[in-house]
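Notes to accompany the following structure.
As written, the chains take the letters A, B, C, D, E, F, G and H, and residue 1 is the first residue of each chain.
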Amino acid sequence: MHGEVAVNYTAVLITAIAGFGLIAVLFVASSILSPRRYSEKKVTTYECGMLPLGRFWTQVHIRYYIFGILFVLFDVEAVFLFPWAIVFLRLGPVAFYEMVIFLAILLFGLLYAWKKGVLQWK
Amino acid sequence: MEVVWRESPSLALANGHGLYHHLPGVITAKTDYLFAMARKSSLWPLTFGLACCAIEMIGAYMAEHDLDRFGVVTWPSPRQSDVMIIAGTAVKKMAEPIKLLWEQMPLPKWAIAMGACATDGGPFQRSYSTVQGADQIIPIDVYVPGCPPRPQALLYGIIKLQEKIMAEASNRKAAV
Amino acid sequence: MPEWVESIIRVAIAIGFVLTTVLVLIWLERKVIGHIQQRLGPMRTGFHGFLQSPADAVKLLVKEDIIPAAADRWAFQLAPALVFVPIFLTVVSIPFTRTLVVRNLDLGLFYVFAISSISIVGIVMAGWASGNKYALLGSVRAGAQMVSYEIPLVFSILGVAMVAGSLNLETIVDAQRGLWYIVLQPVGMFIFLVASLAELNRTPFDIPVAESEVVGGPYVEYSGIRWGVFFLSEYANTFIISALAAVVFLAGWRGPLLPGWLWFLIKTYAIILIIFWFRATLPRLRIDQLMTFAWKLLLPLAFVNLLITGLYLVYDWPRWILFVASVAVLAVASRLVYVVGRA
Amino acid sequence: MIPLQHILALSAGLFAIGVYGVLSRRNAILILMSIELMLNAVNINLIAFAMYLAPDRFVGQIFAIFIISIAAAEVGLALAIILRVYRTRATIDVDNIDLMKW
Amino acid sequence: MNVPLVLFWVFGAASLTAGLLVVTSKNIAHAAFYLLFALVGVAVLFLLMAADFLALVQFLIYGGAIVVLLLFALMLTRIREGPVIVGNSQKPLAIVAGLALLALLLSVVFVTPWPKPATEAIQRIEVPVIGESLFTDWLFPFEIVSLVLLVALIGAIVIARSGDD
Amino acid sequence: MTEEHSAHSVHTAPKKEPGPSLFPEMERLVAEVLSGIEVTSEQVVDEHAIIIDRKDLLAVCRRLKDNQRLSFDLLRCVSVVDYPNESVFQAVYHLYSIGLKHRMAVKTGIPYDDAIVDSVTSVWAGADWHEREAAELLGVEFRGHPNLRPLLLPDDFEGHPLRKSFKVPELDQARFRRGRE
Amino acid sequence: MAESRLETVDMFINMGPQHPSTHGVFRMVLTIDGEQIVDMKPHIGYLHRGVEKLAEGLRYREVTVLLDRTDYLAALNNELPYVMALEKLLDVKVPERAEYIRVLVCELNRIASHLMFYGAFGADAGATTPFMYAFRDREEIQHFFEAVTGGRLMHNYFRVGGVRYDLPEDWRERLTKLIPHLRKGIVDCERLLSDNEIFLNRTIGVGQISAADAIDYGLTGPNLRACGVRLDLRRDQPYSVYPKLEFDVPTRSRGDCYDRYLLRVEEMRQSLRIVEQCLEQMPDGPSLGEVPRVIRPKEGEVYVGTENPRGEYGIYLVSRGGDYPYRVKVRAPSFCNLMALNEMMRGCYIADCVLILGSIDIVLGEVDR
Amino acid sequence: MLGMLKGLMTTMQSHFRKPVTIQYPDERPDLPPRYAGFPGLIWDANVGEPFCTGCQVCARFCPTQCIYVTMKDNPKVGDGTSKRRKIVDEFELNVSCCTQCAVCVEVCNFDAIEMTHTFEMASYSREQVMNLQDMLSMKEKGGP
């Protein structure tokens, strides 16, 4: 690790260690300082004052997953957009339209999802 | 009138547990005072109203009385709350949930019985389905009589609770 | 002085600053919302309740923390750290002034989004690990909401990157000499603010933690200091997002007369106050409306913004055209809010 | 300075773990995760080679970016298939998914 | 002391351990969390090789997106219920295969006479350089990527939704 | 409902001396609509009331609701009153017509030893909880009710509190003095 | 659909008895599919205090103490049907001034109750400030009550043949100050929510119920009027001095949450109109009529329904002589309104169910009694 | 958007209005004369004894039966200072279940009891009883 990256990301590393350290210190301090007493009822799951009803499992709807996929794809797109945003002026209009095409193709995907009613809930 | 100070059953339970109490007495006494200050200044009740008194309790949170001045803000989950304000009639059917919620609250915790019903059964004392006073379900620290008590009466009850928290801390200090 | 020592000092200052800021923010929010509601907010702990947040913090520290029997212990204990640390990491690249910055990263803008996206996993983890239905429901909602708004958020900020030609936050601030990007990128600013409200799970997008529905969402089962850490991260995140908006759209430390750090704080707190103001005013959206809003309105809007910004840059249009076009787009969008919401 | 061999050894280790995961687990989602591990191992190699050996040193990075992109698409699609199978057969155990008998 | 090398092995070992936990974990959700750690570890390795852009991409795509997607999928399949089976009948075989592959790769790694790197110091590659190359030399693959993503999206929607209504 | 009970159950409520009808118009109309059913008019302070046999209850209610000139479409209240001296419950249905703005009450007796009456949920859905409550608090069974589970009381509660035989404890006047002594 | 059932194992969510938005201790068990509600089972009785039984053990005069506590948001409105029933049994004339005072405080109580609804509904929708605004104004009404009846929430004010105290000397000043204050408060409330796009999106078309269904379930009050049925006992079965007062009975047509909300806001305005008229027309005279010192009505029974803020609050009073009522049956409006909840909730989202419950405006005290 | 802006303007305006909060322990609420706190007995200053004769009407009519009262022969009758033949001996009010309904005031034939303005009765114990002395001193504390 060398040069600028080294210096910059050393700080990041230190921050990460400090962050985890802070949390650890807080948790340890809390475990020393706070009163504790175990009871069978205390560790029951909170459910508005009733004992849990039925199984724990919440049925997650498939549409959440589709939003997840949409997110992943647009996130990937963002990865290309970041370098593009800072260089496209140097490369001229062509680079701009390249990205427009790229975006258009993905927007078509969004449009498809829209038309398919994936973004619709009922 | 003279008020007899009584150690909160819940706090009696809390004391004497945890590593903290192996520290030297001087330190624990000083920090106890600090912690008690913090605890009394940030009493978070459980969002929880049973009957008529709940309206006056809500009134106490609202602009004119503003419990937020005392650092009192409600949280919906028992896990994040310190105080349970039993505002209203505790019915036998509701006793079990109240007990469970009380159990689910982390230590240290306090309970305020607000209104005649929660203190003593009030006008519904003779009823076949009410609990005659919330102290039959959970240990109560402060009783606020009235039917319903006006918001200021609840504020007074909370001040009393704060005094009690401080008294408990200094009592412990004296013991050390 | 070796660089790593300097880094440690800077990081230490940053930690101190962030922690105090969080305490101040919590107090400020209670005061501001209190006054909006014609009451006073904390008054009795310290002068005008100034010691309220420290008192809350100490109380949470000495509060028992419960791990429910149904919880997945491992993940339950780890989740707060996983939420807090990424948010905390982003502070590294936020420049308060040119010198008052932990490290000026070359990819600052990208860095902020890349790192903070990890905290979504932390929230989903917290909800999953709690073994509680409300928590799970809340965490799924949180996950879906945060991923949905991450996209418009990223795209809105890309417009700035295009105009400035850099991802370096210091360069971006320097490029705003004379003209703040709020003028060139009003659409971007709008999307950024809205989407960051959603990222922060704040009103009107506080669906995952909705008190009246899922009783606090992913954090239902958390108590004591573990819950406090979530609370801490929420406010730290509020500060960081506001600071980022101040840097990117309001030219950070630039401003006449006053010292730079003061300008930075003024701008940041102005945005924070707006967020508090929203919280005190608006009701909450429903989850389907929220998703619809993100995908059907904000995302296309972000694309339009990218398109007009690109055209402006490529063909070297005068600045006023971009401004007028942006305002027009914004006007059309504000009409569409209602339509899209109903759809 | 990190010797190239160390990097390659590490990536080999990660790759082998991925292979083990693919072969030994029955849960389709876990298999997918193992594949991700393998792809990561490959990425490490690409960067390492690019850094140390190639004349155009950024090509490795570009490759890695493409791989990550494709991996994302792959995961999305594969999970969709897994969910589909799960919904028709109520299992994501690959041993129980006998495609020929669909 | 060679600080980068130490860091490399610290994080390398961390991600190897996390990876191993992924494939051996009894709980699939835990596996997903371990996967996150493995991927973050790899991102740090990228940083050590001065590929900061790529490291951040790793964070964004793997850490933020793919792990979340995996978690959603896990929640859709009710992983907390039913018996958890660690391995299948091929487990011993898998161990053998994995170890054999590892041995093979390691032997290749250490036997092959790798050429010496051109410079001692690893130079950071500026993002604009990547960008310029991407949008000129690699234009075609770049556009293809968008098509691949589109196909994946449509495919996923069709597969996940068919028969839903 | 068996025959031997139906004869007995008409005059169940405490009897009141018949006086001049306060609502002659209403009485005439009701008699017309309910022709063929044995109906006794009763004088209540401010509304017309009829007493019917419980076996006719459903038919009466349906006719009262469906008839154009009466059209009692709103069931205001179902009250069941316990008369232990007569060993009978009396169910009172207070009806109101939104369009015609008139009201009346239908009463029917339910003997103690066969405390069953037809449920009117099929006529007015709004009778649901009223009947459940009455069933729980008074122990009257409503035949044909979709779901007669306990509504208000805890599951382990025994007895029917609104019966006169259910006694509430007397208060001890000086009970609070105990705490001090 | 059969296939997606496979993934949809029935999932229950328990809301209440302790839940921030069940308005007390209502409990519902929701069967959900993703975010949507398939079925809802209400559970009540967590506040069943046996009012009806206890009332049989109290003298006629004392029963109001209990009735105050049934619908505790509109205590005065509960006392009214009871004393009216008693007056009918005893055949007591009420002086006109007493009637005006009754109407005055009842309408103020209606405003107070609707303000509470407004605040709670805003909180259900996720906004915190409406609650504060509502209580700011509500508090003013309570100050007026304090001056008139001595109580803030529970009044025990109405007596057979009139009211307990005449109005205090400074009532005109107090009321003339109060009315513009409330008027401004209602404007504030409206500006905060009524046009808010988020609020519109959340409430329009949510929890719809048709007029026919509403009547079938026995809905009354604002909930019924929001469906377009113009039923208001103050107008349709006039009692007290309502025939002498001018007021509109607003209705809406859609019967969804938004209509129920708007209707109540409009009702507050109408109530304010009535209060103003009371202020103008208040006659002189005694505030308590000629009443026997011991209240011992003749044998008989009477049903009196009045228009409570939540609908028809009816008292079925049976007397068999003696000092104690034989049977006091309370026809509680929320109890009946709540029956339609399942109908309204079909197919809505979890977030909606909270709003729908809020829009019905239940008070558990009278649901369970 | 306009509706939201309207709401935002409203909250902004109210931010600059004066808070309506009464800071309770420091500021006292302004209670109207009729406000019904807990009941208190009235002291007849002319004679130097309470008005109450201990007739127990209030105890009988109290809906929660929270009053306990006994009477005795008035010693002051003998020396002619008082016209009351009987006088209250013991008077106890169970504060914890008093509903402040003022029925006792209404039924009292001697106007000896009144609703005072006392409401701060929070205590650490449930068995909180006001005896004769408390009741009489309460009247002085803040009655009309």
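What we mean here is this: contacts are C-beta pairs under 8 Å (C-beta built on N, C-alpha and C of every residue); 3 or more make two chains touch, one makes a residue touch a chain.
Since the structure is predicted, the reported quantities are computational estimates derived from the model, not experimental observations.
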Q: Look at the interfaces C-E and A-C and say which one is made up of more C-beta pairs in contact.
A: A-C
Q: With centres defined as the mean of C-alpha atoms, identify the chain lying farthest from chain D.
A: H
Q | Where chain B and chain E are represented by their mean Cα positions, the distance between them in whole Å | A | 52
Q.
Report the inter-centroid distance (CA atoms only) between chain A and chain B in whole Å.
A. 40
Q) Rounded to the nearest whole Å, what is the centre-to-centre distance of chain E and chain G, using the mean of the C-alpha atoms as each centre? A) 62
Q. Which whole number of Å gives the spacing of the CA centres of chain E and chain F?
A. 73
Q. In chain A, what residues contact two or more other chains?
A. 4, 8, 31, 33-37, 42, 44, 46-50, 52, 55-58, 60, 62, 64-65, 68-73, 75-76, 78-80, 82, 86, 88, 99, 113, 121-122
Q: Would you please write down the residue numbers of chain C that are in contact with two or more other chains?
A: 34, 36-40, 43, 62-66, 106-107, 110, 113, 133-134, 136-137, 140, 143-144, 147, 150, 167, 211, 215, 220-221, 224, 280-282, 288, 337-338
**Q.** Set of chain D residues in contact with two or more other chains
**A.** 65, 68-69, 72-73, 75-76, 79-80, 83, 86-87
(Q) Considering only the defined contacts, which chain G positions touch chain H in the complex? (A) 58-59, 61-62, 65-66, 129, 133, 136, 139, 143, 146-151, 154, 156, 164-165, 168, 188, 191-200
Q.
Taking the touch rule as given, give the residues of chain E at its contact with chain C in the complex, in rising order.
A. 27, 29-30, 33, 36, 40, 52-53, 56-57, 59-60, 63-65, 67-68, 71-72, 75, 126-127
(Q) Taking the touch rule as given, give the residues of chain H at its contact with chain B in the complex, in rising order. (A) 19-25, 29, 38, 63-64, 94-101, 119-126, 128, 130, 134
Q: Name, in rising order, each residue of chain B that touches chain F in their complex.
A: 92-93, 120, 125-129
Q: Could you pull out which chain F residues touch chain G in their complex?
A: 14, 16, 44-47, 73-77, 79, 81-82, 92, 94, 96, 98, 101, 103, 105, 124-130, 137, 150-154, 161-162, 166, 168
